[in-house]
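Taking it in order: structure first as structure tokens, then the write-up.
Per-chain residue numbering starts at 1, and chain names A, B, C and D are given in the order in which the chains are listed.
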């Protein structure tokens, strides 16, 4: 069943990009162009493109340590992306994942530092609380939508900045989560390190390649959600809601509740990603204002590039993970790591734009009454967003 | 500090405790010396963070070494950044500030086995056998900075000073208090206001904070800032305020201009450490505490001080060095 | 110090902090009336701030820098418009990517180059500047601030009185109907984005070569999002949007001036104030009725 | 296809105001227009008629520059012109009132009127002009009113003013009467007469209502499947002939005739079965339903009963609450007050799916908006209201079983003759008639006690209409209560045994089909209560 679900999702994907070689060729060309532009930028500013590419490769894929880092980054990205797939399916455009990640990490840190329970229980509690908190944060947007028709895109965006200040407040306030003072030393704007019991260990160690527990959590989430979206009644209703909310309501779907729940689920996965950032060795195992490190924004982009297919999000998250770990290594060669942000943005455009453009050109040429498929996440911000 | 030789049989004990890594400076024995520098701040801020890499760069060049520098490293990626450096086969990893102390666990990893570690600390980093700690007591330099400011204010008959910094965090609060205490060593009645602009790099907001202070008659201003230092100082210059540098010697700068250079830059400490490293004398597992009035750094310098002023300042600093003055007690007494 | 002087201090600081927001808000307002919820306004401001400093340093003229900022904003507007109203990629995706791209690019470039500092001159209106309390805030400012006197009425006139604006509103409310009436929907939306780009660019450039005189990494620090919040707070009316900008600018000015005036306030709360106020405005006034009906929706002929 | 032409009088000026030669346009494989020739002269109202999808709107959109033709020439006053945009069309003196309103609701009347012009915007001048045009043609409207506050009739006037103000030489109206009352339609035709007689303009009137075409036009052209099937002077042809030309064969079935707007011959007995009230009262009873939209009541105390085994028609002009009733019975809006009873039990329409569970099936008016999901497969659309029945068993209950879904879908597709390339094809790829069959099949598969069919033949071709009528009759014959909501008088007369007339959100009177005459119904539609309608009639008699 898994395999068939996988196949059917993939075929949906190729269907929605109206596959065929023009889209593939255009994408390839665009990716090459994006890389070319980036190389040009490096060369113009006095760097060496080939050395940079080598560094990117070395830091992300050459050897087991490199892969370990790549996987560490990919896991939270995948979690955010998988959640985004759920809300987008329901036609709700959540762009507040960054804030939801932060709130998840905040709640997770609170549990990890304040509850005195044995290790594994603490870890589970940390992850679950973070998920719930992220979900609740997103649910606020959903409530605002239901009560007062507040635009979901806008409210999730604004809530991100509020979340950031919330975390800043927590880690600068001694009675909340600021790290405890040792003697006269100044304390930093961060929490204490969470106890070892709440850390996500490696669930596999193949000499140098360490596969962190977060990776398993994320992949399992992706597979389960892919299955649920493709096969379950819930997935069927979500799809119906996203593609035609009126028909869905007519068919007995509680649209408000289901749409709101989808947004909350998306927030919950972002919150869980926050907990993974907190508890896995990708970071410092403390709550810090910068803990989200753009994972929320990037995770959303992963989902968009993967066209809201959880299984496709796995390789895309891996690619983004490669860029992050490779970028970190690239910076170690002296090229400012901001370059990686440039490369990443160009690559996203290169993946996202050509299929849309090819589809559009084809529609124009055919002149057919084919309104763009409402299922195409890149074209149609669904009703719910307005 | 206890000395233990975990880095291999070839390590040897050093005089002042700790372990000297064999082959220093080419610790990993690949025939090249490569220094990796990680900084949490903007390494082009013409100030605190930039000085750290500049010193390393200058010294390394003179020795024919390679320096890999990386700025704006968020604390959350310190660890992976350090690992990336180890993969690059650096002989030493130097952290620009203790905010990046989360990178230290990498020093025990296989990948970084043959690497020296230079870590600035403000008493919040635990000593381990693999790292060299470098610390100072910010109270000392900020107190002396305040004292120097006080001297200049006294000469001009002024009583109001202002401190502008970023987030309201523990280290900024402490710095503000020590500076205030220092001013009051000279002018017991001096008024000192502190504004938290919220961001070390938002120049527009830093400038507005300075502007507000100037309009309230502030005559000495300490821009304890990052990327926005220059913009804020330039504005203070227009009001002919007494200005101070956050960490580096910029007495020769003409735009903006400073009256006091407060030198507590990690770059200065680091340069001294690099010299030892080159000579094969830098020990891991040990801590170097930089003393005001004893070591060359930290120190405070009046850019255009009169002889008397210079003498008074020097005397004040040396009594801190000889522990005649206890900065912590002074801050408690005068800083609130 | 008299209370009037204190008021003048806070007010002039407020005016300076408001100006970049106000420029960009005029642009964002117009784009939203045409149906584009443009979130790349941050990218436009930041890109313009960078290029204005670069060009000012290169030419030695701050005014040239200001102009370069406008052009940069415009260019980002062109790119956004081409991607979202020609290629018809989801406008939010385009916005997110552009924000990341420009932040990365400017940060990268500023670490690989250095620029001199340049600042546009101050304009001080004789007589008027001596009015107590408001004289200094309103009549002693860097000259580009006074462009607001031109741009605000112009934006209002464009939207409310010109034919172009009538068509923009039509396009923002009912693109299909506008299309059969002979209005080229996506052309109008692209033009609106250009206006938005130019003004956001002016705002960013003003911040860099007007206010500060130099560029530092991420120097706009989220002002673009504040601008979006202001338009929402203003419920898609220009006057209220500008009031929102002023409110946010003044809140910041207060926050920065209070310590000097001997008072304290919770800074976190003041930092989030704009976002909270925008959300509150939406909750209280249920802005939906005022919101352009087609805001954020793409238009393609035949896809009712 | 050979086109038979009967050119009536040669009195026309030799150069037509507008002439189309060999216009072709294909959408993919569909040839919407295929070498169409059409000449329109000044001083005449030219009827353009054809079935749904015959290509009428497409032809006019080509003329207006909204769609680009694949081949052919357009001659304006004898000169070949190339029309690439609506502005060019306007410049040439072509004006169009679109099938769907093209007004921008939050804008005022005068703003809408000047939209699409060029040059400065001058409110005073625009308002003066609106009033002037309005006065000239007898189309009163307040230029400063916001369009979203206007009724359908008033909006139509605004559309007309907008066109006439530009002094068009050729005026095109695409199905202008579908939202108008009969009185309003009559008014409209009076204005059009004036436009052609006294101002010597040319008018193209598009409709598929034969009665309307035969009374209002001078000459006409019939399109069938994108080609010109027939041309004639109106006076020289009959509705029966036109119907034959449109459909391509003789129209004998009353159903078809009704669908084409041919009034049934007076007093002809309805072929629908007589009322067969079920045991224990009506199957569907609506009591005092009130629905408000933006504070305005769109349903205003509606009462209606439908008995089992009977087809009840709810007839009225569009915009009198039918859409709201349809939405209510689809579970899309919640009534402010009033009750819905099915089989004697009160159902709360606010509970999602409650109406469906209580045994109410509905073929909604706008199937694309609320009846189907175009981007889901045919099979999925067929089962989307009965997921329980196609789910797995036991632990697999949370999953939809593909096997069961396909089995159910296949059964329905066969039973209802749904033509589809595959059950997994997106519904979007089906023709309108087949999409409608999917809806009907799905609704009937649940074995409803009540079936509501709202405008069930809108957008269907004759074959599909015939099929739909037969199925509705069969359904009623099987004891289901059928409520037919329609704006087509003929359709209601042909199918229903009782006719309720809806006006301003309430039922104004109920007549048995035997008592129902066009005139009585017309008066009820116009808002007169049943008694006075009867009384007036008896006086006339």
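Details
Everything below uses one rule, namely that a residue touches a chain if its C-beta (ideal position, glycine included) is under 8 Å from a C-beta of that chain, and two chains touch if they have at least 3 such contacts.
The structure displayed is predicted, hence computed values, not measured ones.
Placing every chain at the mean of its C-alpha atoms, the farthest one from subunit C is found to be D.
Chain pair with the highest count of contacting C-beta pairs: A-C. Inter-chain centre distance (subunit C to subunit D, centres taken as mean C-alpha positions): 47 Å. The centroid of the Cα atoms in subunit B and the matching centroid in subunit D are 79 Å apart.
Put simply, the C-alpha centre of subunit A and that of subunit C have 29 angstrom between them. Multi-chain contact residues of subunit A (touching two or more other chains) are listed as 168, 336, 338, 369.
Of all residues in subunit B, those touching 2 or more other chains are 71-72, 168, listed in ascending order. Among the residues of subunit D, none is in touch with two or more other chains. Pairs of chains meeting the touch criterion: A-B, A-C, A-D, B-C, C-D.
Within the complex formed with subunit B, the subunit A residues making contact are 58-59, 65-66, 69, 72, 168, 172, 178, 181-190, 277, 281-284, 286, 288, 290-291, 293, 325, 328-329, 331-334, 336-338. Of all the residues in subunit D, the ones that touch subunit A in their complex are 26-28, 330-332, 352-354, 356-357, 362, 364, 369-376, 380, 384-385, 387, 391, 398-400, 426, 428. Touching subunit B in their complex are the following residues of subunit C: 1, 5-6, 8-10, 12-13, 16-17, 20, 107, 110-111, 114, 117, 207, 211-214, 216-219, 221, 252-253, 255-257, 259-262, 267, 271. On the side of subunit D, the complex with subunit C involves touching residues 65-66, 85-87, 89-90, 98, 101-107, 111, 114-121. Of all residues in subunit B, only 42-45, 71-72, 162, 168, 193-199, 201-205, 207-209, 211-213, 215-218, 227-228, 230-231, 234, 255 touch subunit C in the complex they form.
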